[in-house]
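Below, chain A partners chain B and then partners chain C, in two separate complexes.
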Partner chain A sequence: MTELQAGQGTQPLEVPRIDARPQRYRDVLIALVAFAVLALLPMIFGSKSLLDFVIRCSAYGLFATSLNLLVGYTGLISFGHGMFFGLGAYGFGLMMQKTGVPIPVAFVATLVITTVVAAVIGAICVRLKEIYFAFVTLAFQMLIHSTILSWQSLTGGDQGLRGGIPRPPLLGIDLSNHLHLYIMSCALLVIGLLLMRQIAQSPFGYTLRMIRDNATRASFIGIDVWRAKLTIFVLAALFASTGGMIMALFVSGAYPEFAYWTISGEGIFINMLGGVTTFLGPMVGTVLLLILNDTVTRLTEYHGIVLGIVILFFAIGLRKGLMDFVVEWVAQRREKANG
Partner chain B sequence: MLEIRGLSKSFGGVKATDNVSLDFADGSLTAVIGPNGAGKSTFFNLITGALRPDAGQILLNGVDMAGKTPPEIVGHGIGRAFQVASIFPSLTVEETMLATVCADQRRAGVMHRRFPLAETRDRAEHAMELLGLANKRNRTAATLSHGDQKLLDIALALVLDPRVLLLDEPTAGMGTEERWRMIDKVRELWEKQKITVVFIEHDMDIVFKIAPQIVVLCYGRILATGTPDAIRRNDAVIEAYLGSEDHAGAVA
Partner chain C sequence: MDLDALASCLASPACLVTQTTSGLIIGMLLFLVAVGLTLIFGVLKVVNFSHGAFYMFGAYFAMTAYQLTGSFALAMLCGAAGTALLGLIFERAFMSRVYGADVLMQLLVCYAFVLIFDDVVRMIWGPEFKSMGMPSAFQVPPLFIAGGVVPPYYLLLIGVALAAAVILGLGLARSRIGKVIRAAAHNPGMVSALGINTGLIYGGVFALGGMLAGLAGALAAPVRSLTPGMGFSVLIESFIVTVIGGMGSILGALIGALLIGLIRSFGSLGFPLFTEGLMYLFMVIVLVSRPTGLFGKEVA
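Take a look at the complex of A and B:
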């Protein structure tokens, strides 16, 4: 503290100001490079399992990052975010199976359905305070899960949506081709992340931060807290739903587990692993969790214990996610180098 | 002009605000005093929409604010600062100001542009200059001193260009010297901004020195209103409030 104050006096009069424009170009550039690297990956490594891994990362990464818009940016701890992942998978799968519309139509229609469902559930939930919000979202998750289980004629019940998802090729894109599916997943991931980054860094993103920090004060500077919370709840649901659609295409079906509370739990787990204070924290967490999952389940049948120990290490040991830790460490080093 | 008409609010059987009627002229500076539990904060909470009045009207230039939500009331031009500095701990001073101006320009929901918006700069800058926070712009609010946090809280209200500014104990939790600096700041702001300022204050020396108009609340009712001299000589005030406390010296 004293160091900070001492530094204050020696600062030059011209203090650096926040500038918005270069940030956006930088983000787009990073996204393009990331996409190029991902797109070139199959040419360097022929391994199908690596591509599978990236597709799963896309699905879970979109889901976990969208959850962070709620948890990290707005302070809304949702325990039911997985319902939109499931809704995306089932909505898309059913649409393709029953109607035979082109894939983009089913994609958009699923997003529309998600918007309506999320708006209704959100309108009920976002009024509630912390723990009540968490539990009521969890309750809605269970409701959707039960509906999927019991509506056998439509969803196939506990057997899941079987028989495969038809994928009529469109404009030369054939999603039954593994490589095409891979590229499509990467594109959806990069576009999704770019959009979420834009939301996070927009004036609306700062409105969300204010609500997280002090919702009462936010309302006393004229912010309609309920409306802002509902808006981000619906937007986050859309990205989660997109993740679910990628998952449905990947497994060529949809299963009740996609809408079970454990998916929401994994989302929270990923956020704790990766950290909620940086935008890419959840993405890092996704990669970590999937690697952990894959390796640990191969080595032992008690993978639950291992994952539990890992999360205890992050929650009690580091008290933050990996990216939070890295960012703080870098900041400390920089401070030392300067002072 | 802010006119309060028959404002009442009860909690259970306790009348926290009991049929209060008051006028605050445009550009006036008024201190609200009263013993603990007199209903001062409740009075502010009613005006700003934090609490819904049981009865009465809150007329700002003839428009009734009673029953409106805090964002609506802020939109009509009543800003407030809090007894315990109410700020956004993880945002920097500058981000706080820029985002607040954004909200005031009804751009809090803008998603297609990047923060901060160019058109919010001047007002944010002006407010930071006014409160002397410009050289601390890159500090997060949580790392500011107590006094600066109170200033930031006031800046949050002031940057909205309110017509009426309600300050709930701007000097709460400050040492003597800091108190005077804060209250000089409040007076300076009032003179510069030409807005209606109403503030709650416990320190009688401060109140009698700077407030041209004083309202004394007791058990939710108005005990007296008037100039410092009139309040000082008011028997009811002396008996109910001043006389019973250490401030008797200041009165005599």
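Take a look at the complex of A and C:
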């Protein structure tokens, strides 16, 4: 019997379709609860520093989680993801300062600019492999940083965008009010995380995981690897840019450090700290790093040594991020309890 | 942008000589750092992100030795030997633990040490700018070549770096140890099955790389100011050099370093604010047209 004959008369394979809706409802529910908790926070704790902390967490959290879409889900180790953070901050700040359009218009326009820039840079970068991809993204990051430094008439050079970002109130939302800014940041964070979660859990998200695990196999079953990588590169850039915009609103300006490679380095570090195998790992990492930074800077002037030792503990000691560790620990306990 | 300045410099031999020598010393210092980086990558297959720290330590070791003994030769020796020892310890104690691990883990260990080393230098030598000062033997009037000013120390610097390049190139190509190192780069499992201690080779190569970076730091100490974190910009530039030249290629590192040195020195005339941008632009162009660098081997 030939292979063709073997296929005759057999039933077409039933592909079990998983109903993704319950999970989606669950995610939306979690997001709503998280937003409600964050929104109620100022009523319980009035301290301004706590609200500041949450705003910074929103900015860095969106950035780090979007980087995880590249690093953790697609296996693209980008060393220049911070360029989109800087691009968001500068794009938004400049738009508000020079044109005076309403905030939502500037927001959308910055996202459009980010899409164009990310598509051009991504189209060049994503065909390179591993370490070369990392270097080219780093080079583009530094190129953007140098451009910001040298284009003094537009960006203010190494002084950054000064003079504050105007925030005209719209529909009763006044972002120069600290509480309004806080609520806005939380909303952007929760919506951003929810959208990224949808991307990660969609068929496209599973395509990305497949590309990470074996790009050759993915392309053999008919997936356009280049296109999928480019798509996620642009999508991730959009969320990073949103993080940059929150940061620009928070500090009411934009500085060249936002586009410096250290932002990308911190993003990678946050991902390692929190763990790349869970969706919320980078968020946990963000909170950890910011707390660590704040406390260590307060305690000692040599915070590099402390931070370095903590990193070594994670890299050589645990060999994984905190959330990875917790997830494994829970799985082990469950196994023990069952058998 | 100031293209007139660039054009008028290119037309005058004196300016041409001055700019070329300053480009050459930038390039030679970069070469010494980058060749260590490329060597470590070629043999150990790790990207030593903390390589700039060895450059920094070399400079500080040399300064301290010079202040204690007053001997320039001893200062160079201290800079090179101290960083070699540091490299050996660093590789055996920390890097060797993450060879099998993810690239990200290796980078993180190095990143941790960039932070730690910078703070250690800040603790020992203080956060302020330091300078070693030109040794008295070289405090002589500069030479004039075609009207261009060339300090004699620059010639020494270029000579030492070139000698290092030649010794390294010949040593790797001809000597027995060089052959073992190349074999270990190619197939470490086979080399270790033949009864050669690969751990020793890895440590040795890392120490050699550290030593070259330390030598670069020591050579740079009389002409640059010393500050914690000084290794970082050098590291980024030597990355560009290795990427342009091709990871793992010594000749590539030399050509890449000279190109970057010349781009820096002439670029600072024509595009004073965009000098760094020019380097990154050049790197992007090279990588896009030849992803493995000018002299890199095609990796499957």
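Going forward, the second predicted complex is superposed on the first by the 320 of 339 C-alpha atoms of A that agree within 3 Å, B and C clash if a C-alpha of one lies under 4 Å from a C-alpha of the other, contacts with A are read in each partner's own complex, and residues count from 1 in each chain.
Assume a residue touches a chain if its C-beta (ideal position, glycine included) is under 8 Å from a C-beta of that chain, and two chains touch if they have at least 3 such contacts.
All figures in this text were calculated on a predicted structure; none of them were measured in a lab.
When both complexes are overlaid on chain A, the residue A:I221 reaches chain B alone and has no touch with chain C. Touch criterion met: A:R24 reaches chain B, while chain C stays clear of it.
Of the two partner chains placed by superposition, only chain C is touched by A:F135; chain B is not. By the document's definition of touching, of the two partners only chain B reaches A:T231; chain C does not.
Of the two partner chains, neither chain B nor chain C is touched by A:T115.
Touch criterion met: A:G308 reaches chain C, while chain B stays clear of it. In the overlay built on the shared chain, the residue A:L143 is in contact with chain C alone; chain B does not reach it. By the touch criterion given at the top, residues 71, 77, 124, 128-132, 135-136, 138-140, 142-143, 146-147, 149-150, 152, 157, 261, 265, 268-269, 272, 302-305, 307-309, 311-312, 314-316, 319 of chain A touch chain C in their complex. Taken in their complex, chain C has these residues touching chain A: 47, 94, 97-98, 101, 103-105, 107-109, 111-116, 118-120, 122-123, 236, 239-240, 243, 247, 271, 273-274, 276-277, 280-281, 283-284, 287-288, 291-292, 299. Chain B makes touch with chain A in their complex at residues 48, 50, 69-71, 74-75, 79-80, 82, 86-91, 94-96, 98-100, 102-104, 107-118, 134-139, 143, 156-157, 160. Interface residues of chain A, counted against chain B in their complex, comprise 1, 4, 8, 11, 15-18, 20-21, 23-24, 198-199, 201-207, 209-210, 212-214, 216-225, 227-228, 231.
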